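First the structure, in the form of structure tokens, and then the observations on it.
Letters are used for the chains, namely A, B, C and D, taken in the order the chains are written, and counting of residues starts over at 1 for each.
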Amino acid sequence: MPILEHLWIIPLLPLLGATVNGLFGRTWPNKIVNSVAIGATGLSFLAALEAVREFFLLSPEQIPWVKQYFSWIETGNFRAGFDLQVDQLTVVMLLVVTGVGWLIHIYSTGYMAHEGGYYRFFAYLNLFMFFMLILVLAANYVLLFVGWEGVGLASYLLIGFYFLRKSAADAGKKAFIVNRIGDFGFMLGMFLLFRTFGTLDFVKLFDKATPLSAEAMGHLGTLTVACLLLFMGAAGKSAQIPLYVWLPDAMEGPTPVSALIHAATMVTAGVYVVARSHVLFMRAPTAMLVVAVVGCATALFAATIGLVQTDIKKVLAYSTVSQLGYMFLACGVGAFSAGIFHLMTHAFFKALLFLAAGSVIHAMGGEQNMLHMGGLSKKIKWTYVTMLTGTLAIAGIPPLAGFFSKDSILLNAYQSENGGPNVGHILYAAGLFTALLTSFYMFRLIFLTFFGKERYDEHHVHVHESPKSMLVPLAILAVLSIVGGWLAAPAFWGQPDYFAKFLEPVFAAPGGAEANTAEAVAHALEWPLAAVAFITALLGGFAAYWLYLKQPSKPDRLAKSFGGAYQTLLHKYYVDELYAATIVRPLMWLSTNVFWKAVDVSIIDGAVNGIAEGITVVGDGTRRTQSGNTRSYAVWVVVGAIVIVAVIFWPHVRPILGVAR
Amino acid sequence: MNAFLYANAWLIITVVKVALLLFIVLTVNAYLTWFERKVVAHIQSRWGPHRVGPHGLLQPMADGLKFLFKEDPTPAGVDRFVYFLAPLLALALALTSIAIIPFGPDPLPWKILGQTIYLGILPPNVNIGILALFAITALGVYGVALAGWSSNSKYPLLGGLRSSAQMISYELALTLSVVGVLLIAGSFNLTEIINDQTSRYGILGWNIFPQFLGFICFFIAAVAETNRVPFDLPEAESELVAGFHTEYASFKFAMFFIAEYTSMITVSCLCAILFFGGWLSPFPASWTWTYYLPTVLLLPAGLWVIWDGLRYETIFGKVILPGIGAVMCILAIALVIFPGVNNFIQAPFWLLSKIFVFLFVYVWMRGTLPRLRYDQLMAFGWKMLLPVSIANVVITSFAILRWGAIK
Amino acid sequence: MIPTNYYIVLSAILFGLGVLAFIFKRNIISIFMSIELMLNAVNLAFVAFSQAMHKLDGQVFVLFVIVVAAAEAAVGLAIIILTARNRQSLNVERVDLLKL
Amino acid sequence: MTAPLIIFFVLAALAVGGALSLIFQKHPIHSALSLIVVMVALAGLYLLLGAEFVAAVQIIVYGGAIMVLFVFVIMLLNAGIEEHTNISRIAGFPGLLLAFVLTGFIAATIARSTDTVQAAAQPGNMASTRDLSNMIFRDFVYPFELTSFLILVAVLGAIVLAQREKA
């Protein structure tokens, strides 16, 4: 088992690439740089494939496969080792990360060809890969947290890649800070878990947690609190309400970055963590409900914002947020495998969409506003085809990937009994409506971009198809987003779908809540729900068609008539303003007036300066004694001698001085 | 009356001893001057004093009278107290140092006032004899230094400075060079040091053989201590007129003079005691005939003096000299007649003769050696004498560790 | 037969006198000498105690004190010579460079 | 009133007198002489205490070397009578007071602590120099070496300090 024995190779390769590029790449020509980067990621992808092949040879009791390489922190009974773990969940994530990551690397070589800081970009990208792999391979929360923070760092660096642009730098900072809030919760969660279970290794911890009975609904037990805290971190990383605000701004980064980090991999880390800790979540219904509700709300909320965005990448960003919402919804209703399934498919088609959008932007020479596009379908055929595929996939048109994943999520939501009978139906309805909106704004994007008359002047912009290096990944991803869903297809014919089956050992371990329900009611509901979802998607598409192709004047009139709502959506519900008003400005005020002016200036500096001045005063006083007259010094010496003698001889001296005993 | 005498016998006898010793030392001093002048004169092929008394024998008296009756001017602006103190100090210290020297091993055969009388003022069981001597010589500096300072004049001041520097420098070498002897004897007591040198082979037991280096250092340093030629920098006539006692006249000057000669005697005693076996005879004790050496020396001398007196020009001489010669002959014969006396005489005889030899060496050096330059003096003291004496100490201690006591 | 206290009291008195001299004298050299006086007083106490307790340590310490005093005198006098050379005065009140 | 007691008082009187004259003499040379008197007196006291070697060393080193050095320096610098400067008065009187207080403290302390060291000094038994040397070169050998090193350093320091810088 060469690779499984040496799992560390997989993350190490990108790290090497990053180091080499970061240190020496500066002076190298682009070709060498990107060959190093792609080589590193490609090799780690191959390694991952090999690892998976070997993984399938393992006997069930060998899973999860944990390797302890060296212990990193070891104090008392606490051990956080550099331990790597492989189980089915990891396998999925591993393949997604390395595979998609590799494709995006290839794509970037074309996309970034004319950008400055080429080596920097790839160094960061490889660094990201390294941390992401650490994250998914980690066998305990601490190491996972290392990867967690690392990807945060990489994302910060890459968002602020064009650091000369203030907006980019600010976006980077924003992402970082917002993530800190989440991480805070995550760390608290970790501490709580350690305090409760005395370990942070997944295997040990879950073994300890399994026998525990689920906490009563609405009762904040340790598990619930821990799960909520973990979810706080997840929400930060995966851009859920209320911490989603950084993701749209993150689009300041180069498009491949948006594709890789802010669509396919990093943002799904939250989902991964929740799925990873499902054992805990299963025993904390309240937390589950919270996850579900938050996910659902996010999905709906982001979708509505997505309706009116004109920046092509912003639209995709909000759609990402909303899709992540879907995933959390799935986890929330206990359909972890469905969540992960959607995670995978979403990784495919959202990466595809982003890259396609990137290609469009590339073609338009940096133009991102859809209102200045149109009728590109003939000019850039490949991009158009691939993007259309992605759209169909995300909109949930069978038999593409999105349809299956979304369908299973909705199904599970509909069946969820958690927190009362109707909750499931409400969640389902919201999810369905979100699906409608999704297909609507996606087709709106398509129509605005590729159809209608050109809304740009030919002279400045000469549209051109992107190079092979960009089209090939597009093609591959397109294929993936078509076939990616078929793993779940068998469910429609009563067979257990392969994906869920594959993940069963992981999720079914705690007497899988979803498994039996799925088996039980699945067939009855499978078809009708699927049909409903399909129709909804079509409706959205047609609405978009009718509005943006038949009578392009309609949207403006609609915007006029629903001015308030429209403005609200356009300004993303004023959330940023809200935060600015409720959090940022008070903080600013606090730090300026209290911590700076009051604490720092008056107390800290005051103390320092006060001491200094006091010493000056004392010095002035004592300087008087420095008469320079040796005689006076002599007198002082004598005084000191007398004091000493008096102290030593006190018992003898006391009666002389007549002091009473 | 008698009761009183017996009660304070110790005190009385000591006082008497002191008076006696004082008289002897002063006389010896006086005739030492005569001796010196004679010897130096003959070295320079002159006659020396021969007017006052036969062979100028009365010259010392004349000088003494002159000292007493000369005018004694006190220069202006001197620090009177110190000016008077200095010569007193010098003389007192010089004389005190003699008091420590033991002149013979055994007490007088008969008791006086019930006390056993030893030759020498202190009883022989004083442990710190040599240390006391060094202490006194150490203080000897002040006489010279203060004299030089107090007479409020350039030359004396320079002389005083020189002498104080010189004496401090050579005192180190002086003390260190004796350490070897002390190591061998294992005592500070002079009597014990002498007794330590007794051996069956007489002269071979003396410290001069194991401690030759030490003796050289000691003698040179001692000469320097006593400000004698060739180290008489403090009173270098050619440079400083008369050095520290330029401003002193008549009796104060005499005090310095006497002090100097007394310290010469002291040093000679020390040389004899420390290195040349003190009162021990150079011959093995078994050679009893050596007991008659005093007679053998005295008799011919006396006869020669008689003969020389008979053919002396002046009447006075013709009367006095044969008289002295006769006394000497009688003494010699008496020694033969009374063996007890003869035996008692032996020790003092040897000691005195050794002292005499060293005094002669002093004079001899004065007659022959030129004076050092000041920087040469210092360089010699610090760079030559001190290291050598230290080396001597080291070597001696190693030898003692290796072979136990030398003999 | 002399009580040790006599010696100690004597040494105390000498020490006090030394202190007085230390304070009153104006001539650097005299001040230096007063220091020596104090040292001597202490030595006396040492020897007296060593005699009283029939231990020689006291005398050994006296020897050390004397040695150190010699060293101190050498250096101190050198300093004094230097000062006198620079300030043309031996009066401590003229040597007030220590003033700020 | 035995003989040793008389000697003690004579020597003590000498010492105290010398110390007083050290204070009251105006000329450094006179102060030095009075100090010498004190030292000789102390040497006498040491003899009385039976510390003959210390007495000898006291005279040889203190009297014969250190004080000579003092006198030498005084002569070299040609130090004159102390001059009166009014500053000296200021420190004077508190100093007087202080000195008396100090002496009082110590003396009184000793006077009260009679019981501790009542063992008297016998002039008879002389501490043999041999034992002293044994102590110095066995028990106190490291301090001894240290002091010798100190002396070396002091000599070097004195030379460096006192030599005129060559023009």
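The rule we apply is simple: a contact is a pair of C-beta atoms (placed from the backbone, for glycine too) under 8 Å apart; a residue touches a chain by one contact, two chains touch by 3 or more.
None of these values were measured; they are calculated from a predicted model.
**Q** Name the chain with the Cα centroid closest to the overall protein Cα centroid.
**A** Smallest centre-to-centre distance to the global C-alpha mean: chain C.
**Q** Let me have the rounded angstrom distance from the C-alpha centre of chain C over to the C-alpha centre of chain D, please.
**A** Between these chains, centre-to-centre, one finds 6 Å.
**Q** How many angstrom between the C-alpha centroids of chain C and chain B?
**A** Their C-alpha centroids are separated by 37 Å.
**Q** Which integer distance in Å separates the CA centroid of chain A from that of chain D?
**A** Distance between chain centres: 87 Å.
**Q** Averaged over CA atoms, how far is the centre of chain A from the centre of chain C? Could you give it in whole Å?
**A** Each chain reduced to its C-alpha mean, chain A and chain C end up 82 Å apart.
**Q** Do you know which chain C residues sit against two or more other chains?
**A** Expected reply: 19, 23, 26, 93.
**Q** Can you tell me which residues of chain D touch two or more of the remaining chains?
**A** Residue numbers touching two or more other chains: 53, 65, 69, 74, 76, 87-88, 91, 95, 98-99, 102, 106.
**Q** Which pairs of chains touch one another in this structure?
**A** A-C, A-D, B-D, C-D
**Q** Touching chain D in the complex: which residues of chain C?
**A** Per the stated touch rule, the residues are 1-10, 12-21, 23-27, 29-30, 32-34, 36-37, 40, 43-44, 47-54, 56-57, 59-60, 62-64, 66-75, 77-82, 84, 90-91, 93-94.
**Q** Applying the document's contact rule, which stretches of chain D touch chain A when the two form their complex?
**A** Checking each residue of chain D against chain A gives 87-88, 90-91, 94-95, 98-99, 101-102, 104-106, 108-109, 112-113.
**Q** Across the complex, what residues on chain B touch chain D?
**A** For chain B paired with chain D, touching residues are 79, 81-82, 85, 127-128, 131-132, 134-135, 137-139, 141-142, 145-146, 148-150, 157, 160-161, 164-165, 167-168, 171, 175, 186, 188.
**Q** Sort out for me which residues of chain D touch chain C in the complex.
**A** 2, 4-5, 8, 12, 15-16, 19-20, 22-23, 28, 31-32, 35, 38-39, 42, 45-46, 48-51, 53-54, 57-58, 61-62, 65-66, 69-70, 73-74, 76-77, 79, 82-85, 87-88, 91-92, 95-96, 98-100, 102-103, 106-107, 110-111, 114, 117-123, 127, 131-132, 135-136, 139-140, 143-144, 147, 150-151, 153-155, 157-159, 161-162
**Q** Which of the residues in chain C come into contact with chain A in the complex?
**A** Of all residues in chain C, those touching chain A are 19, 22-23, 26, 31, 92-93, 95-100.
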